[in-house]
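Labels for the chains are A, B, C, D, E and F, by order of writing; each one numbers its residues from 1.
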Amino acid sequence: MTTPAPIPWEDPPAARTRPIWRYSQNPVIRRDLLPTSNSIFNSAIVPFDRGFAGVFRCDDWTRKMQLHRGFSRDGLSWELDPEPIRFECDEPELETFVYGYDPRVVRIEDRVYVTWCNWYHGPTIGVGWTTDFETFHQLENAFLPYNRNGVLFPRKVDGRFAMLSRPSDDGHTPFGDVFYSESPDLRFWGRHRHVLSPVPNSWQATKVGGGPVPLETSAGWLLLYHGVRLTASGALYRSGLALLDLDDPTKVIARTDDWHLGPETAYERTGDVPNVVFPCGLVHDAATGELRLYYGAADTSICLATAQLDDLLDAVLAAPPGP
Amino acid sequence: MTTPAPIPWEDPPAARTRPIWRYSQNPVIRRDLLPTSNSIFNSAIVPFDRGFAGVFRCDDWTRKMQLHRGFSRDGLSWELDPEPIRFECDEPELETFVYGYDPRVVRIEDRVYVTWCNWYHGPTIGVGWTTDFETFHQLENAFLPYNRNGVLFPRKVDGRFAMLSRPSDDGHTPFGDVFYSESPDLRFWGRHRHVLSPVPNSWQATKVGGGPVPLETSAGWLLLYHGVRLTASGALYRSGLALLDLDDPTKVIARTDDWHLGPETAYERTGDVPNVVFPCGLVHDAATGELRLYYGAADTSICLATAQLDDLLDAVLAAPPGP
Amino acid sequence: MTTPAPIPWEDPPAARTRPIWRYSQNPVIRRDLLPTSNSIFNSAIVPFDRGFAGVFRCDDWTRKMQLHRGFSRDGLSWELDPEPIRFECDEPELETFVYGYDPRVVRIEDRVYVTWCNWYHGPTIGVGWTTDFETFHQLENAFLPYNRNGVLFPRKVDGRFAMLSRPSDDGHTPFGDVFYSESPDLRFWGRHRHVLSPVPNSWQATKVGGGPVPLETSAGWLLLYHGVRLTASGALYRSGLALLDLDDPTKVIARTDDWHLGPETAYERTGDVPNVVFPCGLVHDAATGELRLYYGAADTSICLATAQLDDLLDAVLAAPPGP
Amino acid sequence: MTTPAPIPWEDPPAARTRPIWRYSQNPVIRRDLLPTSNSIFNSAIVPFDRGFAGVFRCDDWTRKMQLHRGFSRDGLSWELDPEPIRFECDEPELETFVYGYDPRVVRIEDRVYVTWCNWYHGPTIGVGWTTDFETFHQLENAFLPYNRNGVLFPRKVDGRFAMLSRPSDDGHTPFGDVFYSESPDLRFWGRHRHVLSPVPNSWQATKVGGGPVPLETSAGWLLLYHGVRLTASGALYRSGLALLDLDDPTKVIARTDDWHLGPETAYERTGDVPNVVFPCGLVHDAATGELRLYYGAADTSICLATAQLDDLLDAVLAAPPGP
Amino acid sequence: MTTPAPIPWEDPPAARTRPIWRYSQNPVIRRDLLPTSNSIFNSAIVPFDRGFAGVFRCDDWTRKMQLHRGFSRDGLSWELDPEPIRFECDEPELETFVYGYDPRVVRIEDRVYVTWCNWYHGPTIGVGWTTDFETFHQLENAFLPYNRNGVLFPRKVDGRFAMLSRPSDDGHTPFGDVFYSESPDLRFWGRHRHVLSPVPNSWQATKVGGGPVPLETSAGWLLLYHGVRLTASGALYRSGLALLDLDDPTKVIARTDDWHLGPETAYERTGDVPNVVFPCGLVHDAATGELRLYYGAADTSICLATAQLDDLLDAVLAAPPGP
Amino acid sequence: MTTPAPIPWEDPPAARTRPIWRYSQNPVIRRDLLPTSNSIFNSAIVPFDRGFAGVFRCDDWTRKMQLHRGFSRDGLSWELDPEPIRFECDEPELETFVYGYDPRVVRIEDRVYVTWCNWYHGPTIGVGWTTDFETFHQLENAFLPYNRNGVLFPRKVDGRFAMLSRPSDDGHTPFGDVFYSESPDLRFWGRHRHVLSPVPNSWQATKVGGGPVPLETSAGWLLLYHGVRLTASGALYRSGLALLDLDDPTKVIARTDDWHLGPETAYERTGDVPNVVFPCGLVHDAATGELRLYYGAADTSICLATAQLDDLLDAVLAAPPGP
């Protein structure tokens, strides 16, 4: 892996009270970047080549939900392939791609893995990989339906692949906990463990689900996740922080009781699904400690927020003992 | 019928990807055009005299839903009668007008007919007519409750009056198909036929209902209709296209799998019911092929969009074989 | 029409407090009278030939709901045709019989008409006729979906066919009023009028729907109907009485505020759907004033109850002014 | 009580059609006035010292709902105590403050009373008082759960304390009437009377609840209240007017059938809960007849609207006989 | 108070495993004891004169829910007044008796008090009294709607009247806790305290509500209460035991984690609402320690079960520490 | 494995129309076989020693759901251990047994495996094993929540353990398909494949789930499963038949469109959950072809039905091509 081109940095606004701040030119990927797209959101990227590559949820004007690859030099200006990704799959049962959405991407050893919400008689977790962003290979679905928000860890944990997911029902699920599962081979999964629950009477009272790929730090796995509360006019999605034990990620070391990013701006407040901030992709510049969070805004566009890793760690470590 | 004064034309924006574009000065009828109105939307017009006349849904500040007549020279600047229409009705059972909403108007032979959602122990389809927009006569309701979105064809089909409607329940109906019915006399209705269903996993997955009066073209009846999908924060209304057989309008010749107009602008994204584009009135200038679509925006105001008939026909004819 | 063979008469039990009493050998048609039937219920009969003929709802062990004809000499012992009725239908759109249930039969002039809940993109009212119970002809569905419990009057009213029905939604409808509609030709229907509503806080608080064909009496049309209340463990169906004006059946002359027959016995209390008494067929012996009510019990079998017409008329006429 | 400093006055816009108009610099209290607050809304104030004091609902970034005191010279510029109010309470069962929201404040004799939605095994009505806005004392909850929107009258009525409230369930209650209750001692409550119901088919069809403390006028108690209608995308909250009899406030003298203030501006249309106008605090300048209404906007900020008392009284007295 | 005639005693069946056993001739009051009654259930009695008197829920054949008085010599054979109780009430707002159900009766000092579920713009707790079972006086409703199962204690506690109740919503409430409230005068109520919650994953997971009047014992107040679990086919009502502190009945000393009486027999398993055992009336013979529990069976009839007080106390005191 | 003692055989009733018939002395295990049990149902057995052993769902009077072992000589008379099974488990996260229900047991090679619905932050599939019915070992849960009805195949398929299950939500799930999953080690599971869906408009329209362990026959795996339809008074559970390909059990060779056993008798029609027939255990006597089906009745007791394997195979093979 070559050193990625840096994403241009913007200093925080003077008066900020939060450890994370929005990019001034949001959205970075507008809903109609592709001529066929109605909305592009809830997507993820990795450093690739001398820049970045990503897998993007593009809903077209028939609301077909497809995954598209994209490339960028600077993480801000993106070129998306108008053709959706076609996964190579030698398993006939799985080769028909009905829909895919909310992808995450992660480099593990020499492959870039993609996980997404994949239809197989209901939503479940699809798994695929590529090395070159040209050819994509599809593996078995990780779990039975009904599941969403499958997020791989960026390395094996205790010798096994590790994944977070949020078991669901087949509609607008009114509940949701984060679970941890392991696999020796990305084919068979087991040792399912509970990680995070919603918190009653809070901003995350209805459901919680994993966001970007967890970031390994010396303090633990830093997890950004979405928390949802049902209000009198629908669901309100925000982004929270947790820190999981490095050796045993089912142990929650710390978890902020507040959110760090929620709908405030016009592009988060209005859109196809108003009041959604959905954290999905994270880029860490180890040299500078700079973090870039790519998040879906209002199920419509992709936005960028920036933070210093140390600030987020401070925030989560300062959190009161969680529920 | 005299030749209507033309509605001023605006060329499309340079970069458009859709066959229809918004009027730059939307909304054309603001929510408070009448001093008593809270919102004016989901309404329809016909050429009349040397300009246009229409029947308008005006919800006042008690949220009483009434129908008002209005007149315009150029289709853009409208004068609405602050008094609601009082239908003459010699049928005592029907003469109390409880509420009326979402009217369509259509000229058939020498009368202008109005259909609307009319309360009669629940929502059903009211039918009335006028010749002069002074006196309005009310006929029998076309169907039993519970029904909405009754849309007459602009001429008899096979010797009978023809109407589309969307059978409903008595609340925020979570289902909805379009049906076709016939009548020899606008009094008795029968020969009910199915026309359009929702499409699973699409932008029109929850319900579909007729929009403006179908437009007769050599290729068939062009139907703009609304399609609805329930999201995590409520219903999302958009406008789709179908082409029905001229001689047998229950046969769907073509149907686009995408929508052509959906909530994007602030006046569609926010309002009393956010994220609603509701196509309701259509004016065709046969000489130029220009179409003006009057649509309700966010259950709050009336907006205008413009297209060339040929572009819409091309779009619907190019659609893949529908579901 | 020949004089029907009399149905054997049972005197009422000594201590009865109700104007109607059960047949001692209930059920008269058991759930498995046909080798293929799981349940036979909610069905109707007419005098025919020298005995009786009927149309029966037989749900088989795949729970396919079909209509079967049946014949009886004495109204108690029945022979059912194991083959379902195949309606002749020259309308391709309607000829596929998806399901049919809860039939009513009525002789009008020289034909016996059958109405039933017929699937056509949802439940609606199917209409057919026969003269010989050999050949059955299917007409247009009377109404748009969603509707159930269509009941024809036994003669034209004011020169037109007349039907009661209960507009519904597409599931276990939690509401339901009885409406009256007219048709000049059994093809086109209109002049829809409201007849009966549920009564809040009563045994018929959830919905009401027509039962057997209304019986013409000098006092008016006697209507037995079902009334439903949702309890903590599901719907509770009972049978009530109303009297409609002979000349204008939309006028309710009288309506008992109590029910006259509700689930009490084991065969009504338990079955595939416990706690259902569903009045469906009525035979009047004009010579004696004897009435036989055939009703569905627990969605499982057909039972018989007996009354004197005068007693029922007395009961309904003595009812307090209805809601 | 000293004379309060006047709140700066803004004349109404030229073309207004309503008796109440918005302050041009809304919101007066932004969502993040406190560094810890995500939203500040649905709050109430009283003249205090030489200016104003208030009790404010501040939801922090954990969405903990707390009450904070605040002070202002001019009613526009506010200083809020970042520490939530800690009520002194000698009743152990009540001293744990789980959450409090939507406070009202009212001066009765020499005390300022606070009522709010207080958790006690569900939402109910908390009651407290202060004389100096330094020390706050908590009394017994007025009612059993589940209740919201408890509003005290500003003086005893017929020798007893009087309160309006809106009995609820434990979620997003889909119903709601306003009731009146009395207490000799603010400890035991009784003589519960019905006051206001929702109005079917109107803007207040789903529920209604008391707003600010009723204002005593020679014509009666002027009550601003919220009315809610469920739309296809959630609840729509607006503010209505009623006039209650001075001696018997359960008698509704008049009630406008329209609302006087509903969501129109961006700060009311969008926010954490879009489309909410929630009237909560009212200041009357007896010398000038000027009214200032403090209302929550979109569950996000506090806004100000201005009216002349006489205009509101004219409006409510001109209303048609209510439902 | 004279000594009541003893209720005949039946020894328990040999093999019983429960501390309570059914009367062999159940039901003691059949559904049609009154010629007008469809069902008689959920009722309560007190020793009176030389026998017993009671207040009975009689639903007639219009499902009007009324309270009737009744008298018995031996507690087994009952005579009910066919006329419903008419409460004298000098409060016009309350004098219209819309419905009343599920009464409890209790002697406090020289009066017999009746509490019941009383409609006042929704279900709430009605309160009345009599000394002679001839004249009944109605007091204020104890609480605001929506409430059910109001149960008075048989003496003042700490100088005040005391009542248990179960706040509800306005339908088939899917939640329910028992609360305790006090009143100095049976007119104003306050000091509301929580007593019992449902227990997750148990037979009482959905709701719990007070049963008969608590019985004072040296060990505490013995409370029989109903616990409900929603099953795949509706609610399942059973009877449980708790012991409340004599001086502070909000303190639960002990609570069995099992039920002691649940639906098993045909008269409990089937009826208008199947699977309901609803404990409502309790008679204690201090001389013998014998207890008679009158309970509603399947919302249809009244049944009797018998126990020794000591056995019940042993059972509740042996219970594991409750949830 | 020794030869099991035969279960006494009863010839079918003379007039039967179904290939399976009930044991005349049903239930074989009554609800209170254990002094602590309220209900014993939905359980499974295997030949063991010289008779049979089983794992039984015993719900006690606190409705704690536990698994108990039991033994029988003849399959009819059972002795159950009053102590619930305590699984040995060296995984602390799993060792707390919250609840277990609806067990299946199967001998694979030299172990008897138990699967059940096991709570782990919601219902999922627990897995354990024993060799002697003395010591039971618990393995990892097979899947993430929410899942029910995990059924192991009686041998490895294509070298791997194989399991059917029915993914669910966390309540009374209104949907349910049967899926197939594989594991190399009973620890990690994958290759999830769809097997069976509900059939619209049928007796199995709501959900379907695996019953007893599939029976290997030369024609394929014979699967008895439960199918559910929601009626107006709750869920109706019946038992259906499918035949799965021996080598690829995700291929459905045949499936009857009718059920073979549904609620008919009093012990199936009434009980804690009326109208439930739940097939759970199956014993095949290879020598005679006799099958004994143990099924839960009304969530209350265990009953027995008898069939000839050939008859069931004939029935399923004669089924029309399935949906």
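Worth pointing out:
Note that in this section a contact is a pair of C-beta atoms (placed from the backbone, for glycine too) under 8 Å apart; a residue touches a chain by one contact, two chains touch by 3 or more.
Model, not experiment: these values are computed from the prediction.
Chains touching both subunit B and subunit D: A.
A repeat of the B-D interface exists among A-F, A-B or D-E. It is A-B, with more than half of its contact pairs matching by residue number. Homomeric contact subunit C/subunit E: same residue numbering on both sides for under half of the interface positions. For the pair subunit B and subunit E, the distance between mean C-alpha positions equals 58 Å.
For this pair, subunit B with subunit F, the centres built from the Cα atoms lie 55 Å apart.
Mean C-alpha position of subunit B lies 39 Å from that of subunit C.
In subunit D, 233-234, 270, 274-275 are the positions where the chain touches two or more neighbouring chains simultaneously.
Every pair of chains that touch is listed here: A-B, A-D, A-F, B-C, B-D, C-E, C-F, D-E, E-F.
The residues of subunit B lying in touch with subunit C in their complex are 93, 120-122, 124, 140-147, 165, 167, 169-170, 173, 175, 177, 179, 181-185, 187-194, 197, 250.
For subunit C in complex with subunit F, the residues that touch the partner chain are 32, 35, 38, 60-64, 98-99, 119, 172, 233-235, 237, 270-276, 299. Note for the complex: subunit E touches subunit F at residues 17, 201-203, 205, 229-234, 236, 257-259, 262-263, 266, 269-270, 274-275.
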